[in-house]
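Heads up, the next two complexes both have chain A, just with different partners, chain B and then chain C.
Moving on to the complex of A and B:
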């Protein structure tokens, strides 16, 4: 009765939530449940027959080295990009947050420009920039005498992941920068004034005054950046197609290839790909839960310190 | 020798133009006729057609515009790449929103499409269809391939007689290197030497050989066809049998001929004769570099000929066979019976526009339609009727390559023709992740080593995958075993006819 009462009191608010709920149901919840359903079937996506295999696809995945390699590459990509992206953008944000810097708006715009450029365009342009045939990056390295032969950045398994990581960090640096700038806006001017009176500046100001204040934001930025770093399908497809020889095949490429793009003309495995998607989704969910837990503990610790 | 300066901007501009033209039409003058009315076509109907585009799109865009206007119907034509077709067509069928006419995804046989209820026969929409079929060359319509239970489900209007890795080369560079592949096909050693000399003359501005190395099928096509020309009698062009010697039913991945083909690529790589960054080029990008003068040779398909001739009329290029062995006899390339499977079109089971499809199908199966098709599409997707090839207004290069195909290609046995239940094996077949194409890519790009060992392991993987597919098909009730892949009476040097089954 109490629930009904609440519903009646807030009926207008719930009504306003309905369109969002319907859309989320159609485009978020339904695909999640559909993927779980398909993951339990041996199904190519072509035929009407779906053979129920229970957890068979998951068991096969656990024994599939190509899957684990792709999984590992996704984690390597995450670990390679997020700390770098967060650290560089934090330094840039602190510099650009200085009100004395005359051209800070210009620099912010320049750093943000790649964010609004379509990923596919970025990917294609960078393949030309990194090309060993007349590519400007190789041209520069050769002119500086740092290498004697052009480097095939995207054609070697040793260099392909660092190259893609570099392009990703460059592309999304601007968005993390905006997050940090927003966080820095929360530091009261009085804090800076007090620090100045105490002759606290430079790295001491950053480490002992500013960073502790914006620390709670770091967890949110870390979470957002981590989830984003696991969604790199368009960039990798446009730059390397997952190659050479699986060298940049992260989980999304693995799922796509298995579900739709068997490159030898053999039948796709939509059920198997769905299982990989569910498993990967579960890992992401776990990661998010861990970070939420860490955020909660940090908040509690901060509250404890204040008390 | 022509000098070559390729700026990034000019490359991007020209490559974009070439790709756009390939996708959306060359704009070449096309004088297509509209077929006479055959059926009662409902005025104002909306008719949808999907295929893989390329040079076909040049023909269909103009044809549909004129035909739609004449018959008062709205035609939507969607030329899409194969990976999109593999998603759009099954999804459309499942959701009851499929195109009226479609090509099947490459990994789905017409037999399966019929059994799954994707398609309907079009016999009733073509008056006197048996008479009309007589205009096609023998073997165009075959039970188990495009006919089922006496009904016709697939239209084979283009010829299967082509291969996707013949030599296209820059004549100026090749002349300077001292070779004439049109007079005599290059042997493996000559091919390597030509690539080396062109690269040397290029001094970093152009290179001997280019391949779209990120597009995996290019590696399989090149090695398979060089291996076959070298004498490895691999089977037809199906998913199962492309690399199986159909006389024995055994895979030929570890044959001397396949290994020699891979070693040729490795030798050119160690000579530094291959275009830098080839591993990240897809096929259209690699093709676009040729008319720009950035590479001297490419092993590709005939669809480049009309495209280059219309877009780059000043580009002087020659055609020849893929490399032949240094000594010994040359083998023949093998294709399956029937028209080109990728171009075989079918009528969706849910379509209410069979009358329209029937008129268009009929037209494409007349000599008039075939000649007009050949006039536009040229050697890229040659018409299935030899008479149309002879009468078509094709460029000398297009005719030259079709003559080469006639000389090099023979029709081989097709396990599906002998036993229609083999389609269940095709449907159950899942190739290994580290497949043929990837293995070659890995070897050439340096991620794998030891050609013989890798190819031997590859053979084991494929045997396991094939055995698994047979087991699954048997479990599904199919009466099949691996002896279905053995045609002991097959002579790869002559066509395998209906009487040979």
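Moving on to the complex of A and C:
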């Protein structure tokens, strides 16, 4: 009776949430549980036959060096791109935020252009630009005399990750730039006026006056950028397919290759791929929890100074 | 009017010319030129012949080969992929915006049993990457018979990115004042009408944010359309179509550049026209 009563009182609330909850149920929550279920089975995905193996897949993963390499590369990618992207865009945002600079809207548009370009296009265009055969980048390096032989940026295991990181930062720099600019807009003009009176300018103004004010935004930007940097599949897939010799195989490529057996014609292992996804997801969830905890502490600290 | 448009005016505005501004502008201009070089290269290549492309590294083509565009549009099916992408983008923007706004509104403004559970569930899943859920999503669509059509792709594209939007909407709605809503309720306006005519218009900045972010997401999405269109190439999106170009034995670079140009022109035009909304919308994501 009480349940029915609650349902009646809040019927409009539940009704209004229904479309969103159905969508989320199908594509957010159900997949998480389904992935855990698949992860405990030996299953190719083509046959109906699923063999329950319990934690067998996870044990295999722990001993699979290809999995750990892919895992490590995802982390390297995250650590390689996010700080670089945030730092460069912060400096640019501070320059573009100068009120005397009349062309900043134009410059901002140019820098934002890669953001609105589909990733697959970017991957393919850069494959050619970085090509060792007639690629413009190598052409320039050769003309300047910086190298004597063309560099096979995407074809060698040493240069492939830095190249992909570089292209990623180029692609998404515009969006972090917008975030920083939004943060800088919240700095009141009076602050700059006061700083001028105290003859504080240049890097001292940036470090001791502006940065502390926009610090609370840094965490939000860090979070959004980190989420984005984990979804790097399209860029790497369209540039290298994870190659050469798995040299750029990040977690998502590993999952895709294992689940759908893209190239090598081996048997797809959906269960194994799902287990990899679950393990990776669990680690990320742990990281999120840590970050949330850190965020809470910072917020409490700032609330303390305000009060 | 003429004085307004002089180069000096564009660079310095009403201020006296200064060396620092000139230098900064010049450096930035150079940087931007390098920055957008890949686009210049792409457009230039799309107008060259396959032979000229390797022989002439300059940006100005000798003769303009418009045939590349015909080849990309007709033979490589870019025309069809273009409309597929348009349908998926428009459909998912509508679905996502309406459903997450309603969900966020209720979660952000009302107390009812189960609210905390839903809220925690949404916040906890923000970090789950696509690669994690792609297999069950594909299985689910297969079970429903939607695994190889545009409707299934639109649904999945909507579902995949919605979590962040729910959290953003809930946050935005929770800080709007109560008075308007109460006044409307006194007038006897129904719950749904209050949301649609009173609260949703108030949340316009956040609606813009969500629309823009979803457009970018749908136009950029790759893993999901790649998996879903494996069995049915006719419903490929532009991203997958261009990727397929690369898979064929000999790469038709100029045709591919034409196809790539086709795929970026609509978003670039949209961006330049609606730039203010893009910028404010994205800024809304961090300002909360």
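Everything that follows uses one rule, which is that the second predicted complex is superposed on the first by the 289 of 307 C-alpha atoms of A that agree within 3 Å, B and C clash if a C-alpha of one lies under 4 Å from a C-alpha of the other, contacts with A are read in each partner's own complex, and residues count from 1 in each chain.
Heads up, the rule we're going with is that a contact is a pair of C-beta atoms (placed from the backbone, for glycine too) under 8 Å apart; a residue touches a chain by one contact, two chains touch by 3 or more.
As the structure is a computational prediction, the values presented were derived from the model and not from experiment.
When both complexes are overlaid on chain A, the residue A:20 reaches chain C alone and has no touch with chain B. Contacts of A:237 after superposition on the shared chain: chain C is touched, whereas chain B is not.
In the superposition on chain A, A:214 makes contact with neither chain B nor chain C. When the two structures are aligned on the shared chain, A:260 is found in touch with chain B and with chain C.
In the overlay built on the shared chain, the residue A:70 is in contact with neither chain B nor chain C.
Contact with both chain B and chain C is seen for A:134 once the two complexes are overlaid on the shared chain.
Comparing chain B with chain C, more residues of chain A are touched by C. In the superposition on chain A, A:120 makes contact with chain C only, not with chain B. Across the two superposed structures, the residue set of chain A contacted by chain B and also by chain C is 45, 127-128, 134, 260. By the touch criterion stated above, chain A contacts chain B in their complex at residues 44-48, 64, 66, 127-128, 131-135, 150, 152, 154-157, 239-241, 243-247, 260-269.
Those residues of chain C whose C-beta lies close enough to touch chain A in the complex are 10-13, 15, 18, 21, 24-25, 28-29, 32, 35-39, 41-42, 54, 57, 95, 98-100, 102-107, 110, 112-113, 118, 121-122, 124-137, 139-140, 155-156, 158-160, 162-164, 166, 191-192, 195, 216, 219-223, 226-227, 230, 238-240, 242-243, 245-246, 253, 256-257, 260, 263-264, 267-268, 270-272, 275, 278-279, 282-283, 285-288.
Residues of chain A touching chain C in their complex: 6, 9-10, 12-14, 16-17, 19-21, 23-24, 26-32, 34-35, 38, 45, 95, 98, 100-103, 105, 107-129, 134, 136, 139, 170, 175, 178-179, 181-183, 185-186, 217, 220-221, 224, 227, 230-231, 233-234, 237-238, 251-252, 255-256, 259-260, 270, 273-274, 277-278, 280-281, 284-285, 287-288. On the chain B side of its complex with chain A, the touching residues are 6, 8, 12, 83, 86-87, 90, 105-108, 112, 116-117, 207, 213-214, 216-217, 220, 239, 275-280, 282, 294, 426-431, 433-438, 441-442, 445-448.
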